[in-house]
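The chains carry the letters A, B, C, D, E and F, assigned in the order they are written, with residues numbered from 1 in each.
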Amino acid sequence: MARIDGRAPDELRKIVITPDYLSHPLASVLIRNGGTRVVCAVSIDAKVPAWMKNRKVPGGWITCEYGMLPASTHDRMKRESSAGKQGGRTVEIQRLIGRSLRMSADLLKLGENTAYLDCDVIDADGGTRCAGITGAATALAIACRRGVAKGIFPENPFKESVAAISVGVIGGVPMLDLCYEEDSNAEVDMNVVMTESGKLVEVQGTAEGEPFSRARLNELIDLAEHGLKQVFAMQREAVETALEVRP
Amino acid sequence: MARIDGRAPDELRKIVITPDYLSHPLASVLIRNGGTRVVCAVSIDAKVPAWMKNRKVPGGWITCEYGMLPASTHDRMKRESSAGKQGGRTVEIQRLIGRSLRMSADLLKLGENTAYLDCDVIDADGGTRCAGITGAATALAIACRRGVAKGIFPENPFKESVAAISVGVIGGVPMLDLCYEEDSNAEVDMNVVMTESGKLVEVQGTAEGEPFSRARLNELIDLAEHGLKQVFAMQREAVETALEVRP
Amino acid sequence: MARIDGRAPDELRKIVITPDYLSHPLASVLIRNGGTRVVCAVSIDAKVPAWMKNRKVPGGWITCEYGMLPASTHDRMKRESSAGKQGGRTVEIQRLIGRSLRMSADLLKLGENTAYLDCDVIDADGGTRCAGITGAATALAIACRRGVAKGIFPENPFKESVAAISVGVIGGVPMLDLCYEEDSNAEVDMNVVMTESGKLVEVQGTAEGEPFSRARLNELIDLAEHGLKQVFAMQREAVETALEVRP
Amino acid sequence: MARIDGRAPDELRKIVITPDYLSHPLASVLIRNGGTRVVCAVSIDAKVPAWMKNRKVPGGWITCEYGMLPASTHDRMKRESSAGKQGGRTVEIQRLIGRSLRMSADLLKLGENTAYLDCDVIDADGGTRCAGITGAATALAIACRRGVAKGIFPENPFKESVAAISVGVIGGVPMLDLCYEEDSNAEVDMNVVMTESGKLVEVQGTAEGEPFSRARLNELIDLAEHGLKQVFAMQREAVETALEVRP
Amino acid sequence: MARIDGRAPDELRKIVITPDYLSHPLASVLIRNGGTRVVCAVSIDAKVPAWMKNRKVPGGWITCEYGMLPASTHDRMKRESSAGKQGGRTVEIQRLIGRSLRMSADLLKLGENTAYLDCDVIDADGGTRCAGITGAATALAIACRRGVAKGIFPENPFKESVAAISVGVIGGVPMLDLCYEEDSNAEVDMNVVMTESGKLVEVQGTAEGEPFSRARLNELIDLAEHGLKQVFAMQREAVETALEVRP
Amino acid sequence: MARIDGRAPDELRKIVITPDYLSHPLASVLIRNGGTRVVCAVSIDAKVPAWMKNRKVPGGWITCEYGMLPASTHDRMKRESSAGKQGGRTVEIQRLIGRSLRMSADLLKLGENTAYLDCDVIDADGGTRCAGITGAATALAIACRRGVAKGIFPENPFKESVAAISVGVIGGVPMLDLCYEEDSNAEVDMNVVMTESGKLVEVQGTAEGEPFSRARLNELIDLAEHGLKQVFAMQREAVETALEVRP
């Protein structure tokens, strides 16, 4: 079965990670994954959330906020700031990204700082939350190294990179890295977040049309793992490029 | 390693499903799972959401709203209605419950109706979202049968039951049905939603302290499957009891 | 004239007060009044409201929050947390309950603490605000005694119990403790809050269809007083039971 | 015991009702009661609330919105529109005014119209909700007559005027028409809404420091009745003046 | 071309500034400009905004809040506090008034205080933002003098008065001080804020139907300047009157 | 006096307009003005606002929504969607852009459509509202031509382009196109919106530190006019390029 964009079932879309896309934050990237583009920025705020202060939890925090430009989607999306609140999907995604990224760093070594990860979707064609995780991890790796150079962190808090990719079943066939059209028709939809060393950070598999078997679950994770190995290589390259240009 | 409440690692807490706990809705249950108690109610509204109307999607809809009594938690939780919005965790849970339950029914057979699933936590001791899914599926099964009897649905829209259970890793040991104390200390936390016929509906596994291996993922799903078989038996019994008393 | 449920005009519905219905708060009760069920919980927060702090008012505070499960009413009620605000009726009721309960305790003896009274309606069949007051006063009496035992309060802040009952005029006849159906058809609707020693704490009488005479007002308060004597006996019993089991 | 402003215990403050204080609405008054000034306006909207439409309730509706200028109080009050919601006291007051005024008109004769009563406090010195009711009733009487003249209503919907006054107990002495300073120190605080023919529309009595006896309740209502007779005379005069000038 | 109310194109409407219209704030005026009436009050709060504290900006702050009584407009306006937020027009106006008034005082001499300028429109017939600026400047001049007398400010922070007037083009003719009807039909609409010494503080010109030429811009500012000279005289007189009566 | 970035006082920053930066909307541009980058998109919704429908205003509407990526500013800005509302500056800017763009099109020829102009700031270095206007006008010109080709509009609704530039006074010298650093220190800050034929659409001049003279106002508008002539040339070029590539 041919995919809508001619890819093989186990083939990624073209991924490009452009570091330092923005002028002001400590680190940022524009990640392009096929027709999806997400700006991921890391800003350090020299404060911790109130609940950490109250409970005297030592170390720092990593949190994510996710948004979409209204014109990033097929039909214009209502702007959440003018709607007066973030939708359920937004909340769900930013919690997933925040949780995943907290696995990539040693929160104690962050000191009393909060790292804000802003993932803003410029153009959406499926897989925005995975692109957000992959892009945010790249930007965080850069920011941690720069934070040491600038004396914000005494020691590099970054432990290991994480990255994410979507997989799914369309017409009974497991496929890697779904575009929007595929995603809309998937029978099963799964997002897999892994560490560079091949461990699982988060697995979210959802039956969209029909429940799925244990065997299918394993096939899908295999496929994700195959794709993520390639993604980690691109992350490493982007981090090195960024730090050469602006250490 | 002994569990905090003396259970074996693969042992469920005591589960009791009391049908028709409320007077007014078409169907309801109080589900008790150890120290957790959740009231699950199904109300039918003879309307569909605006987006279905606008896009002329045929059939009906199933949606969930989740809440906690402020005094249901160890420390009193701020009331979301007075805070002016639902928190991120609430939004995430009600989306999961709604999605899971939509797999248990044929939306076309619902007609132009919305089934509201209200899951309200009376007492919380871990596993409230899973108890919500299990309880809501029980109430929905009852409601669908009663809806046919009352002429709301020409044909029973209920396809197959779903249920959910939490599993996790504590001190390196996979354990079934975590209580709050266990959940707070888990290295991996997973919620598994299955159909009565043993297929997966949703798998959400999260590394809390350390990323986990593929082998661990499979162990945990085995454990969940083992527990869910027992849960489905209790669901069936509760449905039968309810329909005998009030058909 | 026979009442809808066969009671005499001056007869209460069946009232049952079950103490310690919840696991976590300092004290709680489930109060059942006919088809109405309300969970009332008391949680102590070691803080006072900002306005007390700013104006240096000594002592503590008692405040109430009231809510209804969406499925507690004849037709499902919109959830206030998802609507984004509490409705006017909710606000009015929780202010009434808070005000009434502040008469039952010596705020100075509370120390720098706030007692949160959460009244959550599980099932509604009229008289929920009165059941809330009666239940909250029972739970507060228990909480105050336990607070002394736990060293939260040096001295028992509870002064005297309060309780409330609804009265009304239906078809020209004054009646005690209206159920929902009666309440919907009442010409006059009144809530009377009294102290155990027979003094008035709050009287709220509202003409629904026709304005009423001074004589009618007095008849209605007589009726309320007659009912409240019985209610106070049940409160005392519930407090004693609770403290025997868990002092 | 002398009152703070030299009045006898059963003496009203100076009340002045200035009709047509505003240019645009169908009818309006500025009511001054001692240091309290409230602008009351009646606007007719050719629609009924959604719930009336849905349940096919015939006739129209009367509703009230209440507000205070931020600088109307002793210490500047936070503006509710910038705070993003109406406070509990505001909600309680506007519900009371709306309910009271619905007793003064035949809702069927309003036709499919909503009468908005806007009560805005310019200067506050106690008794603003009572001044609001008295002023709104005056403006509504005028608006109903003008509405007939303009062909909005086929028949005058106004039945009978209502008015309100506060009474209370200060230093053990029942007093009429409390100013702010008295109100702040009252042991009992009561608002009485009556019809011109001397029937009760609403009685709201609240113990502020000490619960009160049945005898005290009756004394206070006697006092209110005594004051309201004088208020009704002023209302009648204001209505006649207004209709002479602008029929 | 005759104006709708018979004025000459360069003629102001009748302006009356009544000082101390309210009882409680440090200073207030009722400003009437034709059919427009605005209450402007100045309240001093012994705090500065959080951003000033955080950035350690010395001195105080001046801020404005603007509102309209719902019945102040031709058709009743929805109350912003019940709508749950301030509309865009309100936000725009209160920012303009705040900015303009900050030019009239030395913020350093305010000390750590915030001056709240509340501009509330009682009756609207065009030009409410300009009346707000003129009225607020009058009240601020009075408040600053009284603040020195009361020891709130060691030295008078008021530098120079500001005032505002609207100008516009209707039917091709430049006109001064537009009433509502004129404003609705204007081809160009401009608000000019000046200092007493004839300098510009703010110029906001908007093409409503057709863009306008540079020459037109200059004609309109000439007209505004001509009107504002008369307005400053009225301001001075109101300040003197107010301070004689209550220094 | 040398400018911070070495430009002459009457010199623009580098402006680049990249058309069709986004995949989905009818037209879009990325406009770069020095360090400022704004994405401007035009989406057509086949509806008009409720107020137009109710008042039966013929034709269509043009409206703008403006936002900033949180990481677009020097210090990270709080995300407005998570704050729950748009700030005053945002509201003010989007109203200005909407108003300006409505001058560039014939609303009648839009038919019953709303054109949404989304201006999202990617990187901010001063002049974002002006870049928004210039970019939105470019995108609207393209969208109108494409709308005719696609049969959305029977006739091209675009009348004439508009563009905007900031001018200001720094250290007593009038300067064109202020960057952030200049803007923060400006004594006078002005935004000028013009039509391609040299007429004024909007003039907003604000004294930041000192009020300014009439002569200064004229100098500043001269400077703006000088810059805008160059801007219109770039707009024309971008429109032609876009329509060649995708007509």
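Observations
The rule is simple: a residue touches a chain if its C-beta (ideal position, glycine included) is under 8 Å from a C-beta of that chain, and two chains touch if they have at least 3 such contacts.
Just so it is clear, the model here is predicted, and its values are computed rather than measured.
Fewest steps needed to get from chain B to chain D, stepping only to touching chains, is 2. For the two copies, chain A and chain E, the CA superposition rotation is 120 degrees, given to the nearest 5.
Comparing each option in A-F, D-E or A-B with C-D by residue number, the pair that reproduces over half of the contacts is A-B.
Two chain pairs, A-B and A-F, are compared here, and A-F has more C-beta pairs in contact (counted per touch definition above).
If each chain is reduced to the centroid of its CA atoms, chain A and chain C end up 50 Å from each other. Chain B and chain C, compared by their mean Cα positions, are separated by 32 Å.
Inter-chain spacing, taken between the CA centroids of chain E and chain F, is 28 Å.
Within chain E, contacts with two or more other chains are made by residues 84-85. The chains touch one another to form a ring, and the order obtained by going from chain C toward chain D and onward is C, D, E, F, A, B.
Of all residues in chain C, only 22-25, 28, 35, 39, 41, 43, 45, 65, 67, 69-76, 79-86, 90, 116, 118, 120, 122-125 touch chain B in the complex they form.
For chain A in complex with chain B, the touching residues are 85, 88-89, 91-92, 94-95, 99, 103, 194-195, 197, 199-207, 210-214, 216-218, 221.
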